[in-house]
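Letters are used for the chains, namely A, B, C, D, E and F, taken in the order the chains are written, and counting of residues starts over at 1 for each.
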Amino acid sequence: MQTHKAKRVEITIEKVMETRLTDALTRAGVTGWSILPVRGGSGRSGAWSREGQISRGTGMVQVVCIVRPERLDPLLEAAFAVVERHIGVVCITDCEVLRAERF
Amino acid sequence: MQTHKAKRVEITIEKVMETRLTDALTRAGVTGWSILPVRGGSGRSGAWSREGQISRGTGMVQVVCIVRPERLDPLLEAAFAVVERHIGVVCITDCEVLRAERF
Amino acid sequence: MQTHKAKRVEITIEKVMETRLTDALTRAGVTGWSILPVRGGSGRSGAWSREGQISRGTGMVQVVCIVRPERLDPLLEAAFAVVERHIGVVCITDCEVLRAERF
Amino acid sequence: MLQLAVYNLLSPIVLSFVLGLGASLARSDLSIPEAAAKAMSIYLLFAIGFKGGVAVADHGLEARLVATVLAGVVLSFALPLLAFALLRGMSRLSVVDAAAVAGHYGSISIVTFVAGTSVLESAGLTSEGYLVAVAAAMEAPAILSALWLIARGGGVRQMDGDLWREILLNGSIVLLLGAFAIGAITGSEGLARVEAFLVSPFQGVLCLFLLDMGLIAGRGLREGARVLDRGAVLFGVLMPVLGASAGAMAALPLGLSTGGTMLLMTLSASASYIAVPAAMRVAVPEANPSVYLTLSLAITFPFNLTLGLPLYLAAAQWLTTG
Amino acid sequence: MLQLAVYNLLSPIVLSFVLGLGASLARSDLSIPEAAAKAMSIYLLFAIGFKGGVAVADHGLEARLVATVLAGVVLSFALPLLAFALLRGMSRLSVVDAAAVAGHYGSISIVTFVAGTSVLESAGLTSEGYLVAVAAAMEAPAILSALWLIARGGGVRQMDGDLWREILLNGSIVLLLGAFAIGAITGSEGLARVEAFLVSPFQGVLCLFLLDMGLIAGRGLREGARVLDRGAVLFGVLMPVLGASAGAMAALPLGLSTGGTMLLMTLSASASYIAVPAAMRVAVPEANPSVYLTLSLAITFPFNLTLGLPLYLAAAQWLTTG
Amino acid sequence: MLQLAVYNLLSPIVLSFVLGLGASLARSDLSIPEAAAKAMSIYLLFAIGFKGGVAVADHGLEARLVATVLAGVVLSFALPLLAFALLRGMSRLSVVDAAAVAGHYGSISIVTFVAGTSVLESAGLTSEGYLVAVAAAMEAPAILSALWLIARGGGVRQMDGDLWREILLNGSIVLLLGAFAIGAITGSEGLARVEAFLVSPFQGVLCLFLLDMGLIAGRGLREGARVLDRGAVLFGVLMPVLGASAGAMAALPLGLSTGGTMLLMTLSASASYIAVPAAMRVAVPEANPSVYLTLSLAITFPFNLTLGLPLYLAAAQWLTTG
């Protein structure tokens, strides 16, 4: 089938920062994303898990945005401004999408 | 380690369409997938979230299928037939897998 | 923005094996991962879902690790030793990350 | 009547709804976990079904049961036609959106029904236990009418066998009728064993559930308001009153008690927000869910809960005793 | 006996199970959120443990406690050997699958135990509170027997220290024994403070929990039926009866009350569906989970709940009073 | 006093906490689903707020309400300064970490407050219902003090409007005050309708909630212990006593009852573990959450629950009746 090149950006960030991130994405012109729950994890600031979390009040989420390649840079800049001082991971993958007009 | 080329297809779709999609995948010969919950998101039809959702009765899920490259096209056609009239996103990534005999 | 090449490894595995896997990752020098819940799925051992699961006592999870390319091999070996006799899927994707010093 | 309305407005149940609504409009992060909300709705359905069944076991099966269920089915089929005509006249909604909305108003909202029984209780009234079965019977027919309206308007209409099974065996119908059957089989003796769980804490659980409904309705008002024109909003308060009137007209010849009349009016007045939206997403994905969910949850539900229920009770009292 | 069976079959608890089973077989989308089901099981374990502890506090620690716990441990070790021999004779299961199944039947199902206490209550009988501790003691030993059977058959056997800790400190054992200790320490006075939560609503929560068990068992029947041959299915109803007989033989010399005898029979008759499956997934991943889960949840559990419990009670009455 | 302490230590509530703590330290996999824990905390907040409001409705609005709320606000602003000075003297925490911790000790823990009311009840004492409103008023001011301490120390300080709204309209404040208002409006008559849900099962739900707190505290001890030096641990038990003393000094001139004095002491002694951590993660991400969460949840909370509460009650009795 006909597919189109796009970028998949996966941002793992604290739940308390979720709306700040999505607000920043909206301001940067990103119109679509999905938010996945994260059950637990580990990083430089230790391990945590949703059930009985102690080391981080509210857990983390994963925000997945699929964008056209030319929109990647503004997206990354918006995301970076939010995650800069906070813990979290930004990971970009090349992908193909159906129905490119949506992105 | 020895890895093998494969395709990772991630389909974000309304929960009400979940079994219709997996039935279509089965008919297309796809044998494995995992379903991830989605907590919320945003798109052309507005923003929504699991807690206190209003704009969509039942939320969305993400169906992730890993398949051999040669099985990609029937998979996409089956998926497209289901998502065509519905909201949702289909995203394909190149990947490598261990234990290729499973796919 | 400045990005750096990395590998995204996604391991879908039974929940009962979760700490065994993360312990093995730790021993292999992997320091960061996120764990995503899986709602259901299908594979050679049949279909299952979180609500009302019968064919697998405790469901599955997805462990996502982002690592520098040179750390991929020890990671895969550690993961493989755990998943070898168990059901589960290991999928590796090329990706780019911000803030490479974290990985 | 006024006294009834004030009493209802100041009940813990309505105030909990108002609290949720206010919190949501003020954009508080207060939220009830999805699993807890679902568990509460299972509890409410099970309890209301069980109690209805026990009531039937106590009073014996009346011939009126069948007639009332049939009346409910007819109402559920017919009300969407009225709603559709109104909407096309009053608002600028497209055929597809108007038909989807209409389907919601033929079907029912079980929480409105539960709140209705609670208003009855405060007024010291009882009702025919089998109205629970009527509620279950009214869930689905309206969906057919909506699809017929769309097909008639030339729209696509996709109604596969799976959708049929999903609609008729959807969780809330099965739970309501199943609990009704259990109640009818075990009777008062069975109820005695589970009373401390299903009866005494009922009002309290309902408060927390309505808190959640308030949170959702508030979010609906914030997000959905822009998709509704003035005519549609007006429809959202006019239609329940017309529906209740139709319900009353069906109840009178059946000879239902005051409580039963009020509950049949309530069912007719209420709009679905679970079963019908799910069916519409599958069968009519091009209809805008914000339109029908906002109308049903954020306009009609609050109207019924606050003003509608005492109004229907007053009318039922006037009609059955006057 | 027949009267008891009918009474049991028409109790809200069993009917709730049947409702879940029916809904699931009819492929309704009715489902209880995972978190709610887990919360209910925590509630049931806490309540049953607490009440057991209070009973022990009230009646004092008997010497019989230690003997009964030991008897339970021996049963848990021994029953898998019987189950394995039966399975290898009756069905076509492989050594590994048969051993894994056998492990489940040595261990116990706490919901079956809870349903047993509820049958006792309906019959106006009490039991030794410490049977809760016996239940906890019987969870794990059977796992060892299963692994031994596999090793003996030449299979792999991977039993690391982590698995040990997981088995012995698994949530349900810790909660059951912990609540038992709390009950024993605080006694009736403590119970009085939490009675309205732990005692009165108990039966009602059990109904909803069994509704969920019915949903799961139905799914098991739908999906797992094809993996079981006729012999295995027969085993699923024969083994609990044999297990109960073994339990009765252990109970008699201990001099347990009628209620205590019935509960030890119930423990021996019941098959694990939480602790053992998890251990088997870790230690014997090559055993097919559909086999042991279907047998335990979809064959033996319903059998015990509906026919087994009244049978064991009748037998216990006959044995202890006859 | 000693008797009170022992009685408290052997209450089902404290023992449930100890069970959770022990299970977690022994690395059992016992866990309460996140949704269930959140649902329980919503229940507790709603119940405690409602009952407070009803008490105010019953006794009329006192002028003292405003004065006590103001005293609470002043305490919440001031206590972080004391805590900060202590921490900088006693431990090796950085300015940012010390200020973040200090913010937690000015704010309050509602579960400690709830446990305090339960200790009061056991002692047959009541308290001014409006202390619930005082609790809500004390949640936020301490956050400002913490941010001021950081700004003063040259640290960054990012306090946007969103954060303001989040703090003041955070779920627990809204729910507590909202339920308080509902209780005040509906009074005893409203309470009667929801009593079987909000009052009778309260202690039992609190047990399960404290079981979960114990699990979390145990995990905190396991994981957070290494980030705390001896001085910080000492601070975790010294600060609540100093906070309680400050609370007592504020309560006396206000003329609160023994129960009211004890609860104001409890609020001052307790440390936040929900609202303040969330605010700190947003505004001061560089502060280490392990430090403040371990101190608040794993040191101070257990101290207050076991020894602090009876101590504060004894002191309040001595101060108000002596």
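In the analysis below, a contact is a pair of C-beta atoms (placed from the backbone, for glycine too) under 8 Å apart; a residue touches a chain by one contact, two chains touch by 3 or more.
As the structure is a computational prediction, the values presented were derived from the model and not from experiment.
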item	value
Partner chains that chain A and chain B have in common	C
B-D or E-F, whichever has more C-beta pairs in contact	E-F
Identity of the chain that, by mean CA position, is farthest from chain A	E
Separation of mean Cα positions, chain C and chain A [Å, integer]	18
Distance between chain centroids, defined by C-alpha means - chain A, chain F (Å)	34
Gap in Å, rounded to a whole number, between the CA centres of chain E and chain A	45
Set of chain B residues in contact with two or more other chains	36-37, 47, 93-94
Where chain D touches two or more other chains at once, by residue number	31-36, 39, 196, 200-201
Touching pairs among all chains present in the structure	A-B, A-C, A-F, B-C, B-D, C-E, D-E, D-F, E-F
Complex contact set, residues of chain F against chain A	24, 31-34, 156, 162, 212, 215-217, 219-220, 223-224, 273-274, 277-278, 281-282, 285-286, 288-290, 293-294, 297-298
Chain F contact footprint on chain A (complex, rising order)	14, 16-17, 19-20, 45-47, 50-58, 85-87
Residues of chain C that touch chain A when the two form their complex	1, 3, 6, 8, 22, 26, 31-37, 61, 66, 93-99, 102
Contact set on chain D toward chain E in their complex	33-36, 38-39, 42-43, 46, 50, 165-166, 169-171, 174-175, 178-179, 181-182, 185-186, 190, 193-198, 200-201
Complex interface listing, chain D residues touching chain F	10-12, 15-16, 19, 22-23, 26-36, 39, 196, 200-205, 207-208, 211
